[in-house]
Amino acid sequence: MSQDDPSTTGAAAPAAGFSTSRLEAFSDGVFAIAITLLVLDLNVPEPDSLDGQSLTSALAHQWPAYFAYLVSFLVIGIIWINHHAMCALARRVDRRTLFANLFLLLTVSVIPFPTRLLAAYLTAPHGDAETAAAIYALTMVAMGIAFTLLFLAFTRDARTLHTPVSPEAKRAAIRRFGFGGLCYLATVGLAYVSPVAMLATHAVLAVYYCFDQLAPVRTAR
Amino acid sequence: MSQDDPSTTGAAAPAAGFSTSRLEAFSDGVFAIAITLLVLDLNVPEPDSLDGQSLTSALAHQWPAYFAYLVSFLVIGIIWINHHAMCALARRVDRRTLFANLFLLLTVSVIPFPTRLLAAYLTAPHGDAETAAAIYALTMVAMGIAFTLLFLAFTRDARTLHTPVSPEAKRAAIRRFGFGGLCYLATVGLAYVSPVAMLATHAVLAVYYCFDQLAPVRTAR
Amino acid sequence: MSQDDPSTTGAAAPAAGFSTSRLEAFSDGVFAIAITLLVLDLNVPEPDSLDGQSLTSALAHQWPAYFAYLVSFLVIGIIWINHHAMCALARRVDRRTLFANLFLLLTVSVIPFPTRLLAAYLTAPHGDAETAAAIYALTMVAMGIAFTLLFLAFTRDARTLHTPVSPEAKRAAIRRFGFGGLCYLATVGLAYVSPVAMLATHAVLAVYYCFDQLAPVRTAR
Amino acid sequence: MSQDDPSTTGAAAPAAGFSTSRLEAFSDGVFAIAITLLVLDLNVPEPDSLDGQSLTSALAHQWPAYFAYLVSFLVIGIIWINHHAMCALARRVDRRTLFANLFLLLTVSVIPFPTRLLAAYLTAPHGDAETAAAIYALTMVAMGIAFTLLFLAFTRDARTLHTPVSPEAKRAAIRRFGFGGLCYLATVGLAYVSPVAMLATHAVLAVYYCFDQLAPVRTAR
């Protein structure tokens, strides 16, 4: 499946010899599981604990859980789409890329934790909502850093790409990643002003990332 | 794997350049996880909480959980089969399709939540069973809308299909989707009449959807 | 990926037009998730609830959970291997096969439930251990039936196979499935004699199924 | 997909007739799920149970859970990378390899359990931390044994490999596995000296295993 390709066993180093297909399969698995596990944190109120409240009002009371669920679903989905676009650039990956990818998967698969935290504390008093929101925002900062590192690992060696990425196109892509990263960082501060606004901003940023971040790379090559 | 196909890098827009294989892999993952997570909501009664009741009767008491489990398993399985059939029409997908697909996956991966809700409240008094049933039915309405949008996204650009779908075939398929959607909508009303009948109706609708919804598309082309 | 194969769009019915690859991908996902979810039922004793007992003794006390975990892991793993072998026979699958496969996946993905039940009740008094054991054994009976139905669906239409399976080979395979099914059925009775022996028997039966059940099919063709 | 390859249906035994692709797909699924399920054990403190403590301090108190999470994530990720490298050597797998792989998957998919145990008991008194740490270390010993057995199963029959592995290269690889295994064994002892040091050592060992364990195999052939 991967070692027997004559075009790569010649000049290319054996360490560059992984096909992208298993990287994608494993990553798709982690993305798919992380995005689906989010639903486990939509709690069903215990019938015995309603205290005369209707189910409708008990469910409405849980709005932070739905809000956090939707934003995290959108975020993971968009990362998946962009990961997909990035992998499509490469022909083979080396170990460095596998590790950068593992770091990205760490930040993605941990997302259900800050999501759960936010669902439980978004309306909590005494600064706890701000703490939960800052942890959520910091997770996104880490994810943005991991995504940029992965892009650098993918594009480091032109021989592993389908088509070389020009230095200008690479710089343009990194500038866009950098701008996104700064926005993410700003949401950490925003978390202390308004946890709800922090979460809403991440929904907006996900929509911003919908637009193809790698378009300049493909256009310029 | 995807960008190096000479037949697509010429006339076709680069944005239309995703292969269907990773879309399928990610979707299969989400479908597989959502369908398997359903089992986590089949609760084992605590040995200490049986109060002299036998395990048999404690388990029998949980029949709404088994019923909701079976219907949701069937629904997700059928959506998967129809998703599979739809993807088989396409050669490449664009970003629009990726997003429509993400919306469908949102409605699929959330299904364990209304299923759990129904398992806990199907026999509850004071209108709570009706609330739970209506939420279940509304999830199915959203899923039907998402499936129709995905079909429109898939068939929008004839160049991305293996074989063009004729306007008549497309209209016939949309009419069938529309009829299914109306049925789903009717079950929201039915939820307020009889939550159990609502759930049974969704079992029947799933069986209706077993019949190949895309048959007219393939026949007419 | 599947509709553009000229060898199948001619004589073969369009309904027979699914490739086995997505069936395998979805099934692999369900098998992988079901087998991995089993670990969620290995409980960590609450530090506050040890009551002066050491962690070692609290963990040792949970031996039914480990035993049930191991047997279910083995069973799901063996079903996966045999499913793998069966899919390797086929070139294309039809809707009938997709549904038979869905039924098998239902019986596989539900396995964590009887496993959890057995973990909690294997040493319970008043016939509850027997109830839990009988439910476990009945799940295996259902799985055996589903596996046989899937084999029949796979081999029904010789045009969908890589190499035709001779009627004798098919009969030999069905006899072996039938013998396995009878053994499974006998364990339902055994559950009422000794729940522990029932579970041990399933470990032995899984080892029996290790031996290639489809060997006669491949040998005779 | 697998049985129709003329190069293998001749001399090779039919039992050697599995493609590596489904082995990889199933394994990737189990790896991806096990690594992602770890996040379920990062608990969100109940808002009602903070007792005037801030969320920050309640979360800081859970440091053993984060530490265990990170080490287990790293360990599973590295095993996946090395599994990936090992599968790349093979062209076909036999049943023996499927079973050795199943044993490895057992040790991988059980990792969330000792991780959870360690998260709950790493700072517990009365020797319970040591017990939890020893169980964690023993899981890693079992994983190392399984990995070595899988390597032996993969390389046993030269006809199933892309390129034969020389006896020297095989011995070199086994020596490296053996050395790693002894290190793992030593951490069982270390668990009784310092549970925290045991966990830190596994982080270091994972980094050691980052370096390509199969490099001598590929270099020497």
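The first chain written gets the first letter, and so on, giving A, B, C and D; residue counts start at 1 in each chain.
By definition in this document, a residue touches a chain if its C-beta (ideal position, glycine included) is under 8 Å from a C-beta of that chain, and two chains touch if they have at least 3 such contacts.
No experiment lies behind these values; they were computed from the predicted model shown.
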item: Reaching subunit C from subunit B through chains that touch each other, fewest steps; value: 1
item: Same-residue or different-residue interface between subunit A and subunit D, half as cut-off; value: different
item: Cα-centroid distance, subunit B relative to subunit D, in whole angstrom; value: 35
item: CA centroid of subunit A to CA centroid of subunit B, Å; value: 25
item: Subunit B, residues touching no fewer than two other chains; value: 25, 28-29, 32-33, 37, 40
item: Touching residues (chain side subunit B, partner subunit C) in the complex; value: 20-21, 24-25, 28-29, 31-33, 35-40, 42, 44, 46-47, 50, 54-56, 59, 69, 73, 77, 80-81, 84-85, 87-89, 91, 162-163, 210, 212, 215, 218-219
item: Touch list for subunit C against partner subunit B, complex; value: 1-4, 14-15, 17-19, 22, 25-26, 29-30, 32-34, 37, 40, 95, 98-99, 102, 105-106, 109-110, 112-113, 116-117, 120-121, 124, 126-128, 131-132, 135
